[in-house]
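In structure tokens below, several structures.
What follows is a pair of complexes built around chain A, which joins chain B in one and chain C in the other.
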Partner chain A sequence: MRYDVTCKQAGLSALFDLKGPQADLWGWAGDHLPPMPARPNSLTRRGGRSLYHIGPRHLLLRTGIAEEEALERALGPAAAPPQISIVRISDTLTFFAVTGRDADQVMAIACPLDLHPAVFGADAVSHTEAFGLKAMVLRCEGGFECAVEQSHGDMMQDYLNRALT
Partner chain B sequence: MLLIPCPFCGPRNESEFAHGGPVRARRPDPDAVSDAAWVEYLTVTPNPQGPVQEHWWHVRGCGTWLTLWRDTTSHDIVKGPDDA
Partner chain C sequence: MRERLPQGGRIDRSRRVAFTFNGRVYDGYHGDTLASALLAHGVRLTARSFKYHRPRGIVGYGVEEPASLVELLGADASGNEPITTVRIRDGLRAKSVNCWPSLRFDIGGVNQLFARVLPAGFYYKTFKWPDWQLFEPMIRRAAGLARAPTQPPANGHYEARHAHADVFIAGAGPAGLMAALVAGRAGKRVFLADEGTEAGGGLLTRRLRIEDRPAMEWVADAVAELAAMEHVTHLQNASVWAYREHNLMMVTERSPDHDSLLERSWRVRAGRVICATGAIERLLVFPGNDRPGVMLASAAQAYVNRWAVRPGRRAVVFTNNNSAYAVAADMQAAGIEIAAIVDARPQVPPEALAQVAGIDVLGGHVVVRTRGRMSLRSIAISPLAGGATRSIACDLLAHSGGWNPAVHLFSQSRGSLRYDETLAAFVPDIPAQATASVGAAAGLMTLPEVLTSAAATGGDVPRAHEAAYAIAPLWRVQAAGKAFLDIQNDVTVADVQLALREGYDNIEHVKRYTTGGMGIDQGKTGNINIIGTVAQQKGLTLPEVGSTTFRSPYAPVSFGAVGGLRTGEVQFPYRHTPITEWNREQGAVMYEAGARWQRPGYFPQPGESFQETVNRECGAVREAVGVYDGSPLGTFELKGRDTGRFLDFLYTNKMANLKPGHGRYGLMLTDDGLILDDGVALRLDDYRWILSTSTGHADAVNQQMEKLLQTEFPDWQVMVTAVTSQWNNATVCGPRAREVMEALGTDINLDNAAFPFMTFRDGTVAGLPTRVVRVSFTGELSYEINVAPRHMRKLWDRVMAAGAPFGIQPVGSEANHVLRVEKGFLSLGHEVDGTVDPHDLGMGWIMSAKKSDYLGKRAVALRRAADKPRRELVGLLPDDPNAQIPEGAPLTPGGRKEATEGLVTACVWSGVNNRWVALALLVNGRTRQGETVHVRLRDEVIAARVTAPVFYDPGGQRLRS
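Presenting the complex of A and B:
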């Protein structure tokens, strides 16, 4: 059978890995961040930026690649206090958009997470695995986004092609 | 397959975790224990028939290290992490 799904590799996003106590992160960079996500493995958005709460004291800030340099200057990672860490990681992840009527079916092949909307809602984001690779999964318009380590991008594309046929 | 309760993520598939081995006794002072007890600490891994306390790492999830009790005869998790 063929799935009604489109898989597209996305271009680069600007990504910043943020670690440390919430109060210290907000004290240093709060003006540049969307609000703190209320729950583990959820996200918030503001002004084109999104903030993913992906681990204890661990967040990922994402925005368009055109904003990368200005945002890095604003975040000032080199001068940040020692109890927090801000690292630009835009080049380390490759994002795929899996969209279409059967997107959830293909993701069910890839991933052991329960992605039913009642469990994995519009604001959900989590690290899990996709075809055995460490991956970050979230929802997007019409389906899911799935990010893997950049060097696994071609392998992920290959897995997706095989799952679709 | 185990469904492992992660304090941050909730119940997750075993395949997202790496096994970190059994929880060991604290390292004794080698000068304060007998040679037999020191060799026992160095070389004998806890391997009971029944509940064993183990470390697991949510390596493909949120990165949390957790400890739980797993029964080696039934493979059931008989006690999850205290904060899960």
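Presenting the complex of A and C:
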């Protein structure tokens, strides 16, 4: 193997797409959310849940898949007021964990984003590209997580295999 | 290695290397290039020229080499490598390009006899109507250089990688190293790349001192210090070949640190770029300046000092500047006899003379001729002002026309250049990006100046000394004979003069007409001489003539390095559904069917032809039941108080009045009133909607919605979430579809009255949470069973099992195509070809007359007001029911060779009609039903009757059943 890394396709996470004004989102679902990230392209965590600030008035809520049904009931997408949107999108993204000593080198092959720790810290999350595919990148224990649209999962795996062999 | 010096050089004499050149085995040392190793064996003839097949030798020592290109064979297969950049290794096989049957006896050399009929612009004058095609193949074979490899490398991969830096430095000569030390010591993230195999740049080839030590000791210390800095990336054997927008630098690393990597391409985004690219020596232009044995002075110096090779035994140095004097001194020190220094300047500066005590210096003289068939034997010189010639026997002529700052990268960054009269060269002027040029690249030609400029941002400047640089430009020697301005492309002074006479007097036109400055070396050694020649000929100054555009790549780059991992199956993106693996297991023929989705085209069974397979799949849907994977259809969830009126603007028909639980078919237009997409809108509740779009235009629809919401209606409360990958679907279709649904088990009431066409229900099917939609693309009773992808494979397996008693068949996109043509349903890319509006397709009914406005409404109205004939959708029935019409075939009046009156958009074998049926766009087609029209093909004309564009269940009873 060319690089000292482990690339692992992760199982499903419970994911909810949240859109709308912050006050309205917190007014409706604040009890179920980690604190609002301080700045765009950053995340917060609390109680096993993560909140990603990935766009203007656009957040992703992530937690374990076992919590999906209960969390959806709590968030109440159908009953939510019209000014906010809550959509379950757990299946839309496939996450890959790239970890190990050379994780940054493999990510440099995949991704044009500057992932240097001075620029892309532990609380960073951002949409970018991975091997030319739209992707979301964040740090994880020992490396990076990279999520691509689920239908691109096989191709992402294909690319990672090529990068490593 | 008879010309190898007994000591010195930066080669490893303990490691001998055997290689093959033109079929003969040679040896050299680790650290040799192909050029230095051949010179060490006294090989002088290494190439034949591009056009005239003139004998050529080695002119330079690096990427500037204009004369000798080689083709690498075997595992290294590669074409047009400058001989000076190929590192030898055991087993290397190389051969000269553009010669046959051998380098020494090259049939193409006969071209020299026909030089008069091969002038500048030869191609433009030759490749003309009416007979160019007769001789083009022959000329193409005779011209050109190496052949491209026919196979990919047997082993290894290419890789492309991104990087980021505060400071990017191109070049690791004294300037680049100094700049890197300054930036690195300041804690900056530094990316330093250099094309040489080791750092040092010009210091590698010259005998200079820094801090009273050999300069290379300072280089070694600098490299070690940089290596100890974690925030510094230092690459050698890495060409910086392009400078793009926003300080994006392209680098190719030729010896990456992994054995399995052939090359690595870097895309480096930098806050600041420092061009420390040095300078390139240029040719002097005199008759016979291309003969083997005529070499750039800097190259002769490099072979002596860096590779410990004598490029000749008795040399003459011809120059117009001071730099060649150090070369003469170094050659003399290496035991080469210096017959004379011929200096075009009448007054040679004393600091130059001081370097060559004891050598005969002929000021105010020029070389007017060279002699020697395959290698230099003597030269003739005369006074610059004219007078008697004198012959000097020699086997090496080292010449220097001065130095050009290597401004290529700076110029690629769109920085402007200015002409420096003192240097007689173009130098960087006003930068267009965050960039600076330092050292020789900025026109600073002595080592103290180089180090001082590179350390400009801070730090101590090491002490160094070098004699001053001075030059008197000499653009060409006035003498009879072929004098080459561009050695690689065989461009002579006479060619440029001819181009000017023929009216090509802009320097860019001269370049294109003569090909001067094009090719592998991009005119590194000769461009300015062309500019100087044009200036002299036209009576202009060089700034008035200007320079040609510097383009990337600076040095040859292999396509593999640019592509990186993007080869084979991943060359283009592909998308899979959870059923992809099942499809493959069933032997489906898979291919892309829009938006990069890999879909099954058809599911052949053993012994079946393509048509038999499609007929079987269609028959199942029409007579029993089929199922297809509709997951790639675009799906979006919209939410917000203004969603209804937004959809009313987006679609041509009314959507806001749709009731929850219902769906409606709609068309979306572009701003200019043409069809963008068709699809179905489903209303979930008061504020939530689902949009289903075509597969191919899902992204375009998403962009359209975001564009409208962000630019036209920023105050509207509508939020769009793409959920294409949250919903997969298996669509069960056919007269027995309801029975299959019942067999699957569901809590949804399937009764037609309770669950009619164009409605949807949430519930469970086969024990899985689903949303079932009653839409139909096949014209049959259909249930689109939507599930989360995690359930899709289970759903599919259960559908196949439940459907088996009813004869269910998986249906590919080919059968889907047939079924939709029979129904006359439109297809993007077929009937919707970017020219049609809804009226053309007979869908005027979908253009709401009640809505005050919607996207494209006014454009359609304006176009319709012109009242010009339009191509309209019709059906065609070939007179011969067994006649297939190729899709895209033109319709012409009577099948004659006249302007087309339409085209066939689709033609399929219709099992239910037992004949071929077609759809077409025909001028004024709707009023021509019953007419016979003609399809004009290359070898036949097919007559067909115009019909309504529907061949099956025109009332739509089956899909509503």
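To be clear about the criterion, the second predicted complex is superposed on the first by the 164 of 165 C-alpha atoms of A that agree within 3 Å, B and C clash if a C-alpha of one lies under 4 Å from a C-alpha of the other, contacts with A are read in each partner's own complex, and residues count from 1 in each chain.
As a working rule, contacts are C-beta pairs under 8 Å (C-beta built on N, C-alpha and C of every residue); 3 or more make two chains touch, one makes a residue touch a chain.
In this text the structure is predicted, and so the values were computed from the model without any measurement.
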Message: In the overlaid three-chain picture, which partner chain does A:Arg2 touch, first (chain B) or second (chain C), both, or neither?
response: second
Task: Please indicate which partner A:Cys140 is in contact with in the superposed arrangement: first for chain B, second for chain C, both, or neither.
output: neither
- prompt: Between chain B (first) and chain C (second), which does A:Ser90 come into contact with in this model arrangement: first, second, both, or neither?
  reply: second
- prompt: In the superposed model, does chain B or chain C contact more residues of chain A?
  reply: C
- request: Give one of first, second, both or neither to describe whether A:Pro112 is in contact with chain B, with chain C, with both, or with none.
  value: both
- prompt: What is the contact status of A:Leu164 with respect to chain B (first) and chain C (second): first, second, both, or neither?
  reply: neither
Task: Could you look at A:Ala10 and tell me whether it touches chain B, chain C, both or neither (first, second, both, neither)?
output: neither
- prompt: Should A:Glu149 be classified as contacting the first partner (chain B), the second (chain C), both, or neither?
  reply: second
Statement: chain A residues where the chain B and chain C footprints coincide 112-113, 132
Statement: The residues of chain A that touch chain C in their complex are 2, 12, 17, 19-20, 77-78, 82-85, 87-93, 105, 108-109, 111-114, 116, 119, 131-133, 149-155, 158-159, 162-163, 165
- prompt: Which chain B residues qualify as touching chain A in the complex?
  reply: 8-9, 12-13, 15-16, 59-64
Contacting residues of chain C [partner chain A, same complex]: 157, 159-164, 189, 258, 260-261, 267, 269, 564-566, 569-570, 573-577, 580, 597, 631-632, 637, 639-641, 684-688, 717, 719, 721-726, 788-790
- prompt: For the complex, which residues does chain A have touching chain B?
  reply: 40-41, 54-56, 58, 112-113, 126-129, 132, 134-135
